[in-house]
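Note that the chains take the letters A, B, C and D in the order they are written out, and that residue 1 is the start of every chain.
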Amino acid sequence: MAQTSPRKLRYAMVGGGRDAFIGQVHRAAMALDGRYELVAGALSSQPDKAIASGRDLGLAAARNHGSWQDLLAHELSLPAEQRVDLVSIVTPNHVHHEVARAFADAGLHVVCDKPLVHTSAQAGDLVRVVAQRGTVFGVTYNYTGYPMVRQAREMVRQGVIGEVRKVVVEYHQGWLAKRVEGGQNKQADWRTDPARSGIAGAMGDIGSHAENLIATVTGLEAERLCADLTAFVPGRQLDDDASLLLRFHGGARGVLLASQIAAGFENDLRLRVFGSEGSLDWRQEDPNQLVHAPLDAPRRVLTRGSPWLCESARRASRLPTGHPEAFLEAFANVYLGVAEDIHARLAGQPADPLAADYPRVEDGARGVRFIEATVASAASEQKWTAFEGLGDHRATD
Amino acid sequence: MAQTSPRKLRYAMVGGGRDAFIGQVHRAAMALDGRYELVAGALSSQPDKAIASGRDLGLAAARNHGSWQDLLAHELSLPAEQRVDLVSIVTPNHVHHEVARAFADAGLHVVCDKPLVHTSAQAGDLVRVVAQRGTVFGVTYNYTGYPMVRQAREMVRQGVIGEVRKVVVEYHQGWLAKRVEGGQNKQADWRTDPARSGIAGAMGDIGSHAENLIATVTGLEAERLCADLTAFVPGRQLDDDASLLLRFHGGARGVLLASQIAAGFENDLRLRVFGSEGSLDWRQEDPNQLVHAPLDAPRRVLTRGSPWLCESARRASRLPTGHPEAFLEAFANVYLGVAEDIHARLAGQPADPLAADYPRVEDGARGVRFIEATVASAASEQKWTAFEGLGDHRATD
Amino acid sequence: MAQTSPRKLRYAMVGGGRDAFIGQVHRAAMALDGRYELVAGALSSQPDKAIASGRDLGLAAARNHGSWQDLLAHELSLPAEQRVDLVSIVTPNHVHHEVARAFADAGLHVVCDKPLVHTSAQAGDLVRVVAQRGTVFGVTYNYTGYPMVRQAREMVRQGVIGEVRKVVVEYHQGWLAKRVEGGQNKQADWRTDPARSGIAGAMGDIGSHAENLIATVTGLEAERLCADLTAFVPGRQLDDDASLLLRFHGGARGVLLASQIAAGFENDLRLRVFGSEGSLDWRQEDPNQLVHAPLDAPRRVLTRGSPWLCESARRASRLPTGHPEAFLEAFANVYLGVAEDIHARLAGQPADPLAADYPRVEDGARGVRFIEATVASAASEQKWTAFEGLGDHRATD
Amino acid sequence: MAQTSPRKLRYAMVGGGRDAFIGQVHRAAMALDGRYELVAGALSSQPDKAIASGRDLGLAAARNHGSWQDLLAHELSLPAEQRVDLVSIVTPNHVHHEVARAFADAGLHVVCDKPLVHTSAQAGDLVRVVAQRGTVFGVTYNYTGYPMVRQAREMVRQGVIGEVRKVVVEYHQGWLAKRVEGGQNKQADWRTDPARSGIAGAMGDIGSHAENLIATVTGLEAERLCADLTAFVPGRQLDDDASLLLRFHGGARGVLLASQIAAGFENDLRLRVFGSEGSLDWRQEDPNQLVHAPLDAPRRVLTRGSPWLCESARRASRLPTGHPEAFLEAFANVYLGVAEDIHARLAGQPADPLAADYPRVEDGARGVRFIEATVASAASEQKWTAFEGLGDHRATD
């Protein structure tokens, strides 16, 4: 946990009102290290609910708004030293673009949930706005916040497993194995609704995490992909199951599986990276360990908190070995990286890359393009669909 | 996470200043559900360090004290509506009794780390004071906060595994497998120092958790015990390894193993309960699952967050299945139970037992007597040493 | 283990001489239940080595041959009551067709290793010959001999997991992660040599096991497939890594991964079947358990030897629960099924299907066509390559 | 598997007739490596059943006897070159001593199941007879035949984990968790019957395996022990649960748990050895791996078949890594060691200690004394009961 105490960053939240599960997760993650305080909000698209939710959270009346437009207008009317430092956007996907663009364009830092937006046009637009304004823009690909994911990334970078040859990432959930939308399950409702989730279902929701995990850990960029998308549950409009073959620049191969009809599986995200000198194996449901199998030696089980881990993994860890950390801490690590970047800017200094370690708008944009390419591939008779992951990304370098 | 928002409880902390690991854990656990705010403190026994630590945490100067005596005096000078609701005591063990007694005697609620105090005389004294004042007194046997521990407790209570016959609890750590005291490891210093840790080492530190876990889950009270305590590392004055045989009232048997020289083990607390109709198996390092083996049917793997868990386990859970929770959330659950109890008292209502679910001063006292009986047994030629776990406890019922 | 003792079946072995690992496995598997005795052989393609190997194994000189042609001729010269009942063919793949065809055509029963032959033309030819002669022809897809695989098959058949939606089978090995051919590793030499292994490497060797496991457990037939085959190790002519998307008749989907460059993985064959009512999960390296996750209830861990398993699984088991069985017993179960079928024929009775449970020539033929379709797909720009798994198979029904 | 082919050893079996599970295991284990052939027997104490069982197994009428006395007399009447090399005794325990003594005294080699005999007087007698005759006498402590147990033994010997400080061995079974004796379960009948099983139940049956595993792997000899024995199931005369504290010569400590009322556990024998430089962890139900945790480095998972294992582990292995071996192969390794010793004697050469690796009569005798000391301790008010494990053993060195 943080030893020093720079001032708390003031944040506003858009979405995340009463009954919104993920808003609570974001707030808990932001609270964990004492680096943020919630001071303003537009917590629902329904004004009454927004206000009531803000009251629950103790927002001052003047900063508790019925719409994000009001929130933004009011913040801009405040002197800079009172204004929020950033906004956290935790609405359903279809609202992301409009809100994120407006706040970024106004020069505020933004954290936005994934998948970033619905279309690559929106994504490109957002990347440009953020580049123009020079603001911080984090995307909560929260699984990259796990210390052992960062350890894996570092081991790949250091060449510990040699040249990466194949990546297998799978993300198995079972919560949509039967028809739960149209009932009490609000999350199921919007996740399976094209109007709110966009062109992809399982692929957009969890497939995008899988894509990001590959990119984060291996640094590989897909060059071509071949996808099979299926909606198994009758009446469902979006895919609830996705299987992809991947070919990366440089010759590596990949497989990405994302399913929400994997009955009995909960949130089983697993990454395996096979290199010429060894392999790595990590599972989100057992996140405190990373298995490293060297080519010609016994498997080694690396555990979070151990002194022999890399600096990046150690910084992302709060508790000693054997005292497990989990989902919330990983989520908090994304926000910690954002806080470090914002504080560096407030101090007029370059951010320490090891500290300002979080997924950015370009990662989110690449994820959107990946979803589009997947959907295009699924509709194609051709085996391979090209993927231009670096288009806009490169533009911002 | 809590949907409603009673006012935050104001707390002071004694101990837990700069570099004190466990103080940070307590603060993070208290922050997690937004039920507490830190408003005062005496964060170290060294006045300078205490003040500096309080500044780090943003304490107002008037409530940032160099000693717990000053803290207490100042709080008592405040009007009741400004005074702290409770104090959290996270000092080394030898300071617990004096501080806890003073605050409880002043009518303040207290949370104190375990083991509660050094002697059963101190423990009995504390139980009496708390009973007289009618205050809340929680002890942070944090492992009982895990949802799947609560599930196990409920299954035992419901008779799912029949009559409990044998309990095996083991707690294996390896961090004291070599001589680390006398160097940079402050924690090792005081844990191995009789002046600060009392009469037991591993038995006091982790053995007390193991004892509490048995009592919490099974409700069994030991009647007799037989202990072998060893200090393996040369020069160490307190045990670093403990093995106990237990006989419970009613005929059940038990084995308790607590070792800090188990090289390569991190924090491997495991509980197995064998009943006439099945068994339960839980491991702290894999805390989101509980294995239930019915007598004549396949093993079942129960996972945190599942709808078929008991009310108590569900209330102790914040995230869906597969999104792992861990140490911090379990710790927070102890504080959540304390908050529920204090808020009930503030509201003049009886506490909901499912909500006000936390280890109490009597649990802490029984733990102290257990440590004493263990040390006595280790010095005895007789196989069995009687254990009077309920002495003071019964007095308070 | 078998309680009754029909006479031992006399067998000859072709291949499997000195230093041939797999020949020893076959002999040990045949010996396990006391149903077979080795009486003749042509144990190597090198006459001297064949004779020496036969002497090692105690073969009588008259039945210890330097070539399989001599073996066949001599057996046919014997009176029927002395002649071998069957021949076990454990040569490298390229010899399978010629030998198997000759013995089957002579009316002898045959067991042949997988993959069955090099081409679907050879396979079809073999299916026809066996059908004409009415002989027993087993193929040692040994992994289907595991009791818990048979349990999985029965649960699928009984509809325990509802309608099968998706099958994920993966087979990860790492022994070819570096260039080991061309050195001391004879197995690596022929496995990577097109002349001896045919058109596929990893896909032929372990991919064919994976294909068979899907077909055995689910009964699904692939309709189309999409394959990516890669040879990662420089200079290697055959694939050492295969990734396939599958579409089955009836709408189910599948993924098949077979890799021999998965550094650090040993023989990690895993099958997951996701149905509308639950899922099944089995791993070859932990073969005594099968995890069944019902849709809305806790996971159940089924273990070999338990009384609640199906008849087929119980018959395939020799030891009580907890006394692990493994590779050899599974292998023996294939031979046990063959023995049951031959003995039924010797008795002039129909075989008990539960007893005569083994992969047949049609399974081997389908496997060969599957390899061909995979290689064709890998070379195609089209996403989907049709698979006619049932061509010859149907003809024999 | 053995490459060379010395002549098969001729053996007789006493006990192990129809319906006798363990007799089948012994025969399968002896058959596995082709080193033995069954040529004579007295397969039951009931003459009719003995004869019928021998017919099932194909024994020649002249060597198929109704009593072990007849068997012995007939064998002694044969010329040495026809006589059996050894006898395998797989009767219930109470018959062991009489039979084993008679055959050993006649100069025949013997393999006998464990626990060896009922009393230490019988055990001492047997040790003396064997020493006088100079014969081979193996005891089927079969778990010591696992390759990874031999690897653990070698690592302890080599000092890889430093000085051994603590050993925890547990053996949990659940098959006697309810009253199954007095019904269809013949094994339960004699295991719970003092007349046939001797003075101990769980302790004699599985506790003796646990004791032997400690001694084999660590080489430590207990000096004192403290036992709690319980019969949980009403009406049961012998213990079904045992918990022991151990003190070894030299200062190491131990814990031994053996329970047959551990509902839901199958055959869960686990050994942990904690040393000053690391620890080892092995489980019988997952026997192909051994976890080695060095003091200050990540855990290593050693797997059977790996080239970096010790010679002793490699020799005990038949299949490559990932192709699991299990119970039967471990059992066979005990018989392989016996065969090596007998063949060495037949050749008039000293046995290679790495080859002639099997538990001997002295191990069996120590096990009997251990059971007696345990029962004595359970009845004692004194904490520690002395253990003279080496009494007779030393005499034979």
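By definition in this document, a contact is a pair of C-beta atoms (placed from the backbone, for glycine too) under 8 Å apart; a residue touches a chain by one contact, two chains touch by 3 or more.
Model, not experiment: these values are computed from the prediction.
Q: Name the chain whose C-alpha centroid is most distant from the C-alpha centroid of chain B.
A: Result for max centroid distance from chain B is chain C.
Q: I want to compare two interfaces, B-C and B-D. Which one has more contacting C-beta pairs?
A: B-D
Q: In whole angstrom, how far does the Cα centroid of chain A sit from the Cα centroid of chain B?
A: 35
Q: How many Å are there between the centre of chain B and the centre of chain D, using C-alpha atoms for each centre?
A: Inter-chain centre distance comes to 44 Å.
Q: State, to the nearest whole Å, the distance from the C-alpha centre of chain B to the C-alpha centre of chain C.
A: Measuring from centre to centre gives 56 Å for this pair.
Q: Which residue numbers or ranges of chain B touch two or more of the other chains?
A: If we look for residues of chain B contacting two or more partner chains, we find 265, 292, 299, 303.
Q: Show me the residue ranges of chain A that touch chain C in the complex, using the header's touch definition.
A: 161, 165-166, 168, 170, 174, 177-178, 226, 228, 230, 232, 241, 243, 245, 247, 253, 255, 257, 259, 261-265, 272, 274-279, 292-295, 299, 380-384
Q: Which positions of chain B touch chain A when the two form their complex?
A: 1, 3-5, 18, 21, 24-25, 28, 31-32, 34, 56-58, 173, 175, 265-268, 284-288, 303, 305, 318-329
Q: Report the residues of chain B in contact with chain C in the complex, numbered from low to high.
A: For this pair, the touching residues of chain B are 292, 296-303, 306-308.
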